[in-house]
Each structure stands twice: as C-alpha cells, then as structure tokens.
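Letters A, B and C name the chains as they come in the text, with residue numbers starting at 1 for each one.
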Amino acid sequence: MIGAKEKNNIEIMLDNVGMTYDAADGKKVQALTSVTMDIHKGEFISLLGPSGCGKTTLLRIIADLLQPTSGKVLIGGETPKEARLKRKYGMVFQSAVLYDWRTVIKNIELPLEIIHESKAERRERAVKMLDLVGLSEFADHYPRQLSGGMQQRVGIARALALQPEILLMDEPFSALDEFTREKLHIDLLKIWRKTNKTIIFVTHNISESVFLSDRVCVLSPHPGRLSAVIDIDLPRPRAMEIRDTPEFTALVSKVRNSFEGV
Amino acid sequence: MAVKSISKRRSSVQSVVLPLIFGAALITAWQTGLLHILLNTDEYVLPYPTRIITIISENTDKIMVNVWASVQVAVLGLLLGSLLGYLIAIFAATFPKFGSGGLTIVSAFNAIHWTKDVSSEAEVRSTFAKIIVVTVVSMASMSVNAYRGLTELPVFSDDLMKTYAAGRLTEFTKLRLPNSVPYIFTALRVSVPGSVISALVSEYFAEYVIGVGRQIRENILIAQYSTAWAYIVTACIVGIVMYAILMVIEALVMKKRK
Amino acid sequence: MKVIKKIIGSKLFITLVWIAVIIVIWEVLAFRVAEVKRTPENVLPHLTGIVDSLTSSKTINGAQTALEMVLENAGATLSRAALGYVIGIASGFVLALLMSLSGIIEKIAFPYLMLIQLIPILGMAPIINAITGDIAISRIVIAAILTFYPVAANTLAGFKAVRREAHELMYSYAAKKFQLYTKTMIPACIPYFFTGLKISAPMAITASILVDTLQGGIGLGCLLSQSLKGAMTRYVFWDIVFFSAVIGILSFYLMGVLEILLCPYKRLEKKGR
C-alpha cells in the first residue's frame, strides 16, 4: 500500500486545511492549522491525538459537516459536499446511533431507503452486510437487545450498506471495554481487507492506532496541528499477537514521542 | 467569525421581537373587530380590549378583594399539598417497596383530577373546602417528583455516604434532601399553575360567592360579559405572576448551587 | 414459602394492599359519619351503598336505573371529550412540527405555548360557552385546548431530543428534509408524543364533565349537579365520581397500551431490564 504513491491513486487531498472558531469571550481559537496531506485509495489512516487537537474537526471537515476557514479538501477530485451528495463516504460515530424502533436489519436498510432502493435489493444488500459483520442471526433483534460491541458492528454494516469508497470513523470503539475492542479491531481489519475501503479512523488510543493503521497522523493541541505522520510497516494480516512483538512496542513509543506540547 | 456572533445576536433579538409583533397583531385584530368576525361573535360577548382595561381600572378595589380570596386559597393549598406530598415522598423513599406502590396510587389519583369531585362536597366551610381541593391537586405532583429527587442520587454517592459510616439521618440531610431540591421546583412548575386553576374551579361550587373564578361565572350568568372578561384577564395575570414569582425563587435558590 | 414471598413482593400485591388500606380508611370514616349525620350519604356513604346503587334495578327518574342513567350521560360527555381530544392532539402535533421545521414559527409560538399553561383555561369555560353558544361545542373546544398544550410541548421536546449524531447521519446520506422527518424525527418523538397523550387524556375527560355543570341538558356533569341539588338520590353523584375516576385512569392506561402496540420495541425494553 505504502509503496504505491502515484498521483492518480490519491483518494483524499488535504491542502492547507485550517479551522478557526470564535470562542465565547470573543477570542479566536485555532482548532486546526494548515494540515496538508494525501490519503491513498484503500489506505487505513488514523488521526491520533488528545482532546482538543482537532482530529474530530478534521474528520468533520472531510465529511462536509464543517466548512474549513482556510485551505481546501478534495475527495476523488471533488469537494466534500459533492462527495457527500454522491454518498461517497459512510460515517461511523462514537455511539452506534441505531434507531430503537427499527430491527437490526431495518437499521441497515435505512440508508438504502433514503436512496430509494427497491425492497428486494435493500433486503439483499442488508443481509450481505449483516453477514459481513457476523451478525446474521440477530437480524430481527432490536438494538436495545444487543451488546455495545454488537451495536457498533451494526453501525459499521449500516455505513457500508451504501457501498461507499470511504469509511469515516469517529472514535467508534472508545466506549467499549478492552476485550470487546480488541475483538472488533480484528473484525474491522477483516472487513477492510474484504471490501478494500479507504478508512479514516479517529482515536485517542495509541496502541489502537498502531495496530490498525498503515499510517498514523499525530495531531497536537494548542493550536491543533499535524505534528507527525508515522508509517506503520507491520506485516499484514495482523493478528492479536502482534502487540507482543518488540517492533510493535517500538512503534508505539515512536508515536508517543512524536507528540508536542501535551 | 464576527458574522457568526452578529447572527447570534440577531437571533436572540428576533425571539423577543417576533412574539411581540404577533401579540400586537392579535390585539389589533381584537380591537378592530377582525377577531369577532373570525370567531363569529360580537363585541358584547367578546368586548374590546380597551373596554376590558377600563373595567379593570374602574373596579380595582372589588377585583383585588376577589384576587386576594383566590390567591389565599391557591397559596395555602399549594403549601399544604406540597408539604404533604413531600412527606409522602420521604415515607416512600424510606420504605421503598411499599412506598413506590403507594406512589402508583397517588399518581393514579393525579389522573382523576379530583377538582370537581371534592369541590362538589364544598357545602362544608367554603374556604377550607377550596383549600383541600388545591391541596390534593398539588400533593400528587410533589410526591412523585420529590420521590425521584430523594431516590435518584448521583452514581456512587450513597456508597460514599456509607464509607463515611453516615447514619440514615445524616444521609438524608446531607445527600437526599439537597439532591431533591431541583425536583421540588420541577413539581412546583406543574403545581403552581395547577393550584391557580383548581382554586378558580373550586370556587364555582363553593358556598360563598367570592373569588376570581366565581366572579367569571356569576357575571356570565347575569350576562355581564365585559366584567367577566375583566376577571378572566385578572385570572391570567394572577397565573402568570405566581409563575414568575416561582421562577425568581428558583433562580435565587439554584444560583447558590452553581 | 418461596411462592408466598414472591407474591408478597410483587407490584400488583403491593398496589392491592394500598387499595385495601384506602378502602378500610374510607369505611372507618363512613361509619363515623353514619353515627353523627342524619343523611350520611351526603357526606360519605359506605362503599357497599354505592355498589348497591349501581346494581339495583330500581328506577330513578321513573324510566332508567342509576347505571343506565350514568352510562347514557357518559356517552354524551365522553364522545365530546374524545372529539376535542383528537382535535387537540392533531393541532398540538402540527404546531410542534411547524415549530421544529421553522425557526421563525418557533420563536413566535414558544412564549405563547408557555403562556397557555399558565392561563386558567377551565376558568374560562363559561365564556367559551357564551361565545360558542352551544354546550356540546364548548366541551369539544375546552377538551381540545387542554389537550393541545401537553401534546405540543411534549412532541416538541421529542423533536429536540433527537441526538445530533442522528441529524448528522441523515446529513451524511444527503437525505431530504422530508426523509429526515419521516425516517428519523417523527419515529423518534413518538414516546414523547405519548407522554403528552397520557397527561391530557384524563384532563380532557375532566374538562368535559366540568363544562357539563355549567348548563343543563345531557351529560355527566349535569347529572352530577342535579344529584347535588337534591333532584335525585345522592348516590348518583357518588356513582359518577367513581365512574369518572375509573374512566380517567383507564384512559391513561389505554394510551400506554396504544403506545406499546405502536412501538413493539418498548415491550422488549421492559422485559430486557
């Protein structure tokens, strides 16, 4: 993945992206200053940093939920808004945001209803997605009946239902316990390999970012900025045990040492 | 951005100005007779605002006597009912199993709206009977809300009290009582308007012809619609003023907490 | 032993105990009243007397038994209450929807929505009766106004309670406003909407009965006034008190049942915990 850096392989281009807020006391707060980087097709990128570093802001700019105050973003050569209208990305939130009144399968069908897919097509795709995340037997359950980890897997299946090219994930596993989280890491990597999506994964967990990513983008706060981009050249597919290797530990310390002013 | 803060300020100006414009339009429609056409009525049953204001200003003394009678009933009943409701809540919180069952009954009482039933019994000493009506109405909302305030504690706070080896009384005064204060106000927000309404309605059935509610009815019976409207406007003002007083008290009490 | 303990601990049992306690207190007071008053049923009759009056086949006005009379008048009152209730629900929901759709409408209506709950609507019943000139329409209007506020306020709260992420999800799908409402906002506010319905159902009934008392004719309230004035036995009054109490509570629970029928996921929630 890392070797292939031809121009036409760029999925997302960030050019000098910056964001300035007006604080309540009238002062200007720099949430993000001039982030420039390219994200390649099929790449797994983590945005890592403590709270206030602007990692979520950056993700929300890519998702067209926020407008940057400077710089520009191109997704496959288009603006974030155009990309959104073409449903080029799927979004996974910190909590699963499932609808209580819909069964699991109907939750996954939701985005397909929005784009007016036929009923048969909806069901077929939802079943496929449910199978992908390994929850086929829970199709007719309601979200409240599922554990947190299962709910988040439904959230991922729903995001994939529109067959987007990009998956934007905003701290999706931060509310889960360590055991569930490690299991979902493996599952996510499997899904990623099968579907070949570009994934942008926001997290504040160093080991999580190293385990999952091709590249870790380290963001530092005050003002929010991109302070380092670290290649994670661990072999794939990665298994749980890779965390015990000295290479993994070395990368974790490398990432940790790249933070500035925390 | 500067643009953003301007639009914010404009938005808050709008939320004051727009309702005022609407209110002014409504009163204009009323005064010019447009409202009468819309409601298919005449200025005899629905007098002009100016006429109502004239009547209020000319009869201030008499109106105040009736306001005082109604407010007395509403406030005394409210205090008595809230106190009883809070005691029920304490009882329910102390004996949770049987207490919560009792609360189910109390909230069912709430669903009945006893107003008319009790007030029909008001051949007995008038003011006292009216106060009882208001008491019953206020009691239900206070007991249910105060019970929540006494039992829905911050996570682990009761465990914390236990690590101090605090007795039940200490736990009550240091933890449960202060925790229930916001819930008391939640209850009062419901029961203050409720107490005014039930005071007015109970007057319909009472022995003595006194009180704002009774005056509305009496004046309509003798077809004095303008006077009846004067009392209706008065009743609205009483309701709003009592709620405003509650808001001020709440702001003062809750300010210390922040 | 275990079974007995389970029964004693159950919620139903506790509620029954409370009802029993209330019955005992009532009866004790009734005996006391019977000793000192000449016509005890005017103050507090025995519960058996009330039940007797409902089941007896003795006619009251020469044509109907007490039960028939209560039921006939209840029909008149409740049908008006129900009509007003439905009108109030519809207008409350539509206003909440408009307020949620348009910031300007919200700004205009919000203060007035708050004011409505402070205005003693029931106190205005006589004048509404005078304006409409018809007791049946007055019942409908009053029941509708009283229903309107709880439904509008709760539905609006339901729209506001939809989480930001849910909005963002729909935004990321490039969903249209219409889809946002049909797929997200309206289903999400249903539980809040039903809270409004539960609060206002007994209110609509009470209001209708109260409006009855303002004028003669048919209706539970009219019957109630006549009984109080001595035009017929006082037991009719007690029958109505109990009848309307039961109907009020039933209307509350009926809304709860409707909610569960409409939202099957609600049922699971209760079992699951």
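One rule holds for everything that comes next: a residue touches a chain if its C-beta (ideal position, glycine included) is under 8 Å from a C-beta of that chain, and two chains touch if they have at least 3 such contacts.
Here the structure is a predicted model, which means the values were calculated and not measured.
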Sorted by contact pairs, first entry is B-C
With centres defined as the mean of Cα atoms, the chain at greatest distance from chain B is chain A
Mind checking the centre-to-centre distance between chain B and chain C? Centres are C-alpha means, answer in whole Å.
-> 19
Per the centroid of Cα atoms for each chain, what is the distance between chain A and chain C, given in Å?
-> 49
State, to the nearest whole Å, the distance from the C-alpha centre of chain A to the C-alpha centre of chain B.
-> 51
When you check chain B against every other chain, which residues touch at least two of them?
-> none
Within their complex, state which residues of chain C touch chain A.
-> 163, 165-166, 168-175, 179, 183-184, 187-188, 190, 263-265, 268-269, 272
Chain C contact footprint on chain B (complex, rising order) = 11, 14-15, 18-19, 21-23, 39, 41, 45-46, 97-98, 100-102, 104-105, 108, 111-113, 115-117, 120-121, 193, 196-197, 200-201, 204, 212-213, 216-217, 220-221, 225, 228-229, 232, 235-236, 239-240, 243
Complex interface listing, chain A residues touching chain C | 63-65, 84-85, 87, 89-91, 93-95, 97, 99-101, 110-111, 113-115, 142, 144-145, 162
Report the residues of chain C in contact with chain B in the complex, numbered from low to high.
-> 9, 11, 14-15, 17-19, 22, 43, 103-104, 107-112, 115, 117-124, 126-127, 129-131, 202-203, 206, 209-210, 213-214, 221, 224, 228, 237, 241, 244-245, 248-249, 251-252
